[in-house]
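Got some structures for you, see below.
Each of the next two complexes has chain A plus one more chain, namely chain B in the first and chain C in the second.
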Partner chain A sequence: MKIKQLMRHSETYVLLIVILFSAFVTSVNPAFLTLENLFDLLRSSSGTAILAVGIFMVLLSGGVDVSSTTIAIVGQYISVNVLISTGIDNIFFAFAISIALGLSLGAINAVFVSLFKLPTLIVTLGTSSLYHGAMLEFVGTRAVNVGGLPQSIKDFGSLNVLEVARPDGSTFGLSVFFVILVAVLLLSWFILKYTMIGRGIYAIGGNLEAAKRAGFNTRRIQFFVYMYSGLLAGIMGVMHLSLIRYSNPNYLVGTELGVIAAVVLGGARISGGSGTLTGTMIGVALITILEKNLIMIGLSSYWQQFFVGLVLVMGVSITYLQAKLQKSGRQIIVKEEE
Partner chain B sequence: MSDVFLEAKNISKTFVGVKALDNVDLTIGKGEIHCLIGENGSGKSTLIKIIGGVYRADSGTISIDGTELHGTQAIQSIRAGVQIIYQDLSLFPNLTVAENISVNQMLESNQQTVNWKSVRETARRALAEIGEDIDIDERVENLSVAKKQIIAISRALTQNAKLIIMDEATSAITSEEVKHLFSIIMQLKERGIAILFVSHKLSEVFEIAENITIIRDGKLVGVYPKEDLNEEKLTYIMTGRTLKFEPYRYDESLQAETPLLEVKNLSKKGQYRNINFKLQRGEILGVIGLIGSGRTEVVQSIFGLDASDSGSVYIDGTEVEIKNPRDGMRYGIAMLPEDRLTQGLFEAQSIGDNIVITVLKKFLKKAHLLDIRNKRQAEADWVEKLAIKTPTPDNPVNSLSGGNQQRVVLAKWLATDPKVFILDGPTIGIDIGSKHTIHEIIRDLARQGMGIIMISDEAQEILDNCNRVLVMANGQVVREIEDSTTISRDELLDVIAQRQVAGAEA
Partner chain C sequence: MNQLLSKLVKLQFKESKNKYLLIIMVLVILTMTVLMPSQFLSGSNIQSMAGQFPEFGFLALAMMLAMITGGIDLSVVATANFTGVVAALILNKATTAGVAPTVSITGAIIAVIAVSIVCGLANGSLIAFIGVPPILATLGTQGLFLGLATVLTEGYSIGGFPLEFMTVGNGTIIGIPIPFILFVVGAFVVALLLNRTQQGFNMYMIGSNPTVSRYSGVNNSKVIMKTYVVTALLAGVASIIMISRANSMRPGYGSAYLLQAILVVVLGGADPDGGFGNIPGLLMAIVTLQVTQSGLNIMAFSPFFRKFMWGFALLLVMAINFIAQWYSDYKRVKKMRAQSASAAEVVS
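What follows is the complex of A and B.
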């Protein structure tokens, strides 16, 4: 792709910011650009990235999903409680429960969005409060700490697919989380690019009415999108649990805006129909680096919020100004009097 | 096998108590170019949506090639060879040309995955069929309306269309592009594809149609071969009344020594320069020029929307400085914007609120509260004065037809009691009956001494309604026609076009 074309995409700018910021952090603290730190970043951000993929798909379809973090915590908290109370200490069982919950809650979102045709933001705002409140009331509010956590979940959190030895003989590794992320990305990419349902997601995001007229099953597509987002949230819930080895039913709720910000930073159009998975990953990378590494250059992590906001506002402004410039470029320019 | 492709019989359809269609018939022959004509709200769109299977008729039958269609699925009409190109074209702006053209075929074949090679191949073939050359990898949102239309036609062709229905296909394209579109239509006819051309532009209908079906208020008025009609007769049949056009005569007794409005050397960098003109009480001054000629920009500056760089504006002989619309309104200037929906109306709000928005201050009582009774009285008065068709001013504006919406915008500005009224495209998208009424309102205002500046794309509209005409090109006034009766429509079109060519060479 030509440079000029690249510069038209806002994700290019975000990537530049990521690179510049990484270079800066490295110059202050060389520990940043090490394989160990990179693996650590991948392990801790894979879950967020997976959530972001789901939210990206929803944005692409012309909607917005602010309930996916809630779905993740519901999936996590219920599955860990089921594991404890049944005594079935199996990670696949945890995933199965969390995914089933994710799919169901996503389907409920889809019912409101697709059948009742309600605004997606309002629906998911409402359902997230509904899901969370119902869980706190009917399942419980007590956090599960590491001592009470099933062994399989702890094991899964420290499972590496690649081990690297440090000079002192101890090892660090690439977490299995990264493999899950790659699998999710490949699957999502294939769906979006090579299936009719994927093209349908683009189509309804671009022009819902036209999609109906063309004969897309828009209802099915919307169900797919919200259930897929729910499914990914379910997966993320269990990953998050194995990562932090602690389940607090009030965690994750409230972080959805950060994830949406990452997706928008990555160039997904908030009005739908446009964006890429690559961009989404770049957006997540930026948010993650800001979140985890400000401390490495001696800034408090509160700066993260500030920088995310700054980059978001700048990113949106650049896109807006570009569109405005393009438009004014088409106007007739009257020559000045000689 | 007969020569009839589509036969719709006794179609009726009622929406929440309103009879949209009442026993309407429509017959289209194979390879025939048929026009469906009627005013806004006459039921044209409903009829084509029923043919396309989007709506189900309450009663009546539709047969294609002698076989009756059952059910309501759009897909059945599509399989039978009916393709509708809606006014909005129903394209996906975010997808490429290739995908937009191929998407229907992909859906039709019921495939679950996408073969990109065949997507591009289909698109290339469809464009080649009508001899068009468009980059198939371009996103549709970057194309002009005319090109988008070609994409929509190409898409219809991938579906083995035997009848293509075009709904108001020419409303957003230039006359040059209309010619091109018509040549494509003729080409399709040669190949045996029938066209149903839905429009309210009479001149185009006469240019292209073989037969014309006219509907009014949901009822069939008649089917005529083109040869049996002329514009006057068609207008009469369509609207149910005779519309007489008499050019507007300026009453010279209204002329004063100091003009109502005078503009001297008005310039704005990059948009227009050295604009000079006077406007007398009772005049309707036409301003015409191609889009981009600076005509809209000039009047926007006079009203205060987009201030000029240099030059001066006089009202009643006094120089005034107008920096924003508030200034403009204070000096008695009102402006009806080109796009009434986005610039002129609060769509979801009530008709009454829209009318009085410009003069809310008038209804303030002590303590800055609104005098609701006075306000409601004023609303009702305006609805009556301009004969806005609504049971109550409390209904939302978007419940009105285009012509009635335009009257709301007129009322809103008239409420400010302006001396100078600028009208930018006062009848865009309004059908012929309402258009006539709006012209009458404008003339009445001028007769009462208001100074009016009217901008329009249509040379005929300018000649019929304006006593004096300014022609603009490349940001300048290239000709002033003192008496509009001294020039014919064709001559005026020449002036507009020639100067544009000369300007390009300079």
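What follows is the complex of A and C.
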């Protein structure tokens, strides 16, 4: 019974693919399944995972957010420039600026989505062009390299919460990024499961009109969702900066496809109302090992985009084909009863 | 029949937007003329504008067809990239092998058509037969096609085409750029498709209400399939103009066109929810965008500012559409209330 239930979720299949693919990569290159590589994967993918949580919440509410990678880069680039020009070398200050920007840009998205009732994809496509163009025009286009980067950001990137010694005496560790990810996941899980606003996100994703009539303040929920996505994008922006120690205002933009693919592969329905955080994380795991480990099995990085597209197309085809078959199956049963 | 009548009335109502579009277009052209009469109205500027817009004009035509059926095609630029790369590879290999230009160009065009049809069938079958929402299906195929283009070229740009091929993108006939002539023909064919064929009528029907169209005996899957094949073919034509204008092709070329295509289609009166969209509106929107773009170019604005402007314009147009709709609804309700109040007075 339990297994039957599990087999009905697409997450299970994605998890199986993750395990099979990991086993395959390990058999080709044993360096994959080492604690060091796993810690490294966690460190480099925590940011993407946080972004995915924000996009997941938006999908759950029945929308799409393609602007969150742009919000992340805007938060990152502006906060690092403010840090440099004011001389305040503090990581919390960087996070504060980036998060404030994320919240306000998310609120602008929400204004168009909620007050003007415009299609979310086109709104966020428009705002991402607007935000990115405005930043490049009014803030600057010069990349900040490691020499110009504030010390606190570099320190934050190499901060570990757990140190493990290698045989030769040097150490590697579990990055603080993972702790941030866990905190974000716990918070989001709590919001979705135990707060009225969280239940409202599921409700408006299922049926906006029904949720409104049931007494949900749909406008407030939509503002919450887009601002939450913006907030997470703001956090991710600074994390990404301290991860790669380089701030190029053209980075991240264009990677939203991969993140949305991860969320959708994790079983979130694009029309809203259905999906789980666990699934989202499994989806992120799949995309991460696809993107980071093609080189490990000897394929050039040119294949990356192709594989992400292929996996997305196959994943959604299976999901929708299943739904279609189930539906037609039900229709047959109804006919038999008649 | 009633459905059909109300549909026709609605269409007229929506197309009244073209009136405003015409005003906007004339205003934009006048502004540019007044601001810089010598540069803007010069023959060379008009010629260059007419040569510039067709490559994204074709993408906009494609996007509009998808939107009329209530879908969206995020893969248009990726399709154009993929077909463009295939054509570029054929032209490049054939030229180095010493094949006659006429043969290699014909081969490239046939390849573009074939690859476009395959891309369109892929999108169409995902959407029509498997039932994947168009956003998701074309988001996936966008990655797939762009990925294939990248794999084929290994990230390099491909050049070295026969000189004869360059005339497609850069040549003129009695001073009129060939891309412009191609676009006029393309727009005319699409207009015929939309207004004079069963397929066009069915596309509007599906966009307005897929359930009604299915119960009226329309084979929705077939119509959607055909729509996405035509969409991909238009993207293929765009790719031919792209590669011959630039004399090279690299994957990722023209990624900004996606937003611009959506922008002009929405500006031109198409509804992202489907059912609306017409060629005159789209043409006026394209002219407006191209004139603005050239104007900003002449005034030496940076490409970043233009990126900002397009996003801003898209949001502004949609917000204005929403407010106009809301206002006309409000007026209608007010009128109805007044009528029922006066009717009540008569009764009493």
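Remarks
Throughout what follows, the second predicted complex is superposed on the first by the 328 of 338 C-alpha atoms of A that agree within 3 Å, B and C clash if a C-alpha of one lies under 4 Å from a C-alpha of the other, contacts with A are read in each partner's own complex, and residues count from 1 in each chain.
One rule holds for everything that comes next: a residue touches a chain if its C-beta (ideal position, glycine included) is under 8 Å from a C-beta of that chain, and two chains touch if they have at least 3 such contacts.
Given the structure is predicted, the values throughout are model-derived calculations rather than measurements.
In the superposition on chain A, A:118 contacts chain C only, with no contact to chain B.
In the overlay built on the shared chain, the residue A:64 is in contact with chain C alone; chain B does not reach it. Ranking chain B and chain C by residues of chain A touched puts C first. Residue overlap on chain A between its contacts with chain B in one complex and with chain C in the other: absent. Listed in rising order, the residues of chain A touching chain C in the complex are 64, 112, 116-119, 121-123, 125-134, 136-137, 141, 254, 257, 260-261, 264, 270-271, 300, 302-310, 312-313, 316-317, 320-321, 323-324.
Of all residues in chain B, those touching chain A in their complex are 54, 74-75, 78, 84, 86, 88, 90-95, 99, 103-104, 106-108, 111-114, 269-273, 292, 294, 474-475.
Those residues of chain C lying in contact with chain A across their complex are 72, 126, 130-133, 135-137, 139-148, 150-151, 154-155, 255, 258-259, 262-263, 266, 272-273, 302, 304-312, 314-315, 318-319, 322-323.
Against chain B, the residues of chain A that register as touching in their complex are 193-199, 202-203, 205-207, 209-211, 213-216, 269, 272-274, 331-334, 336-337.
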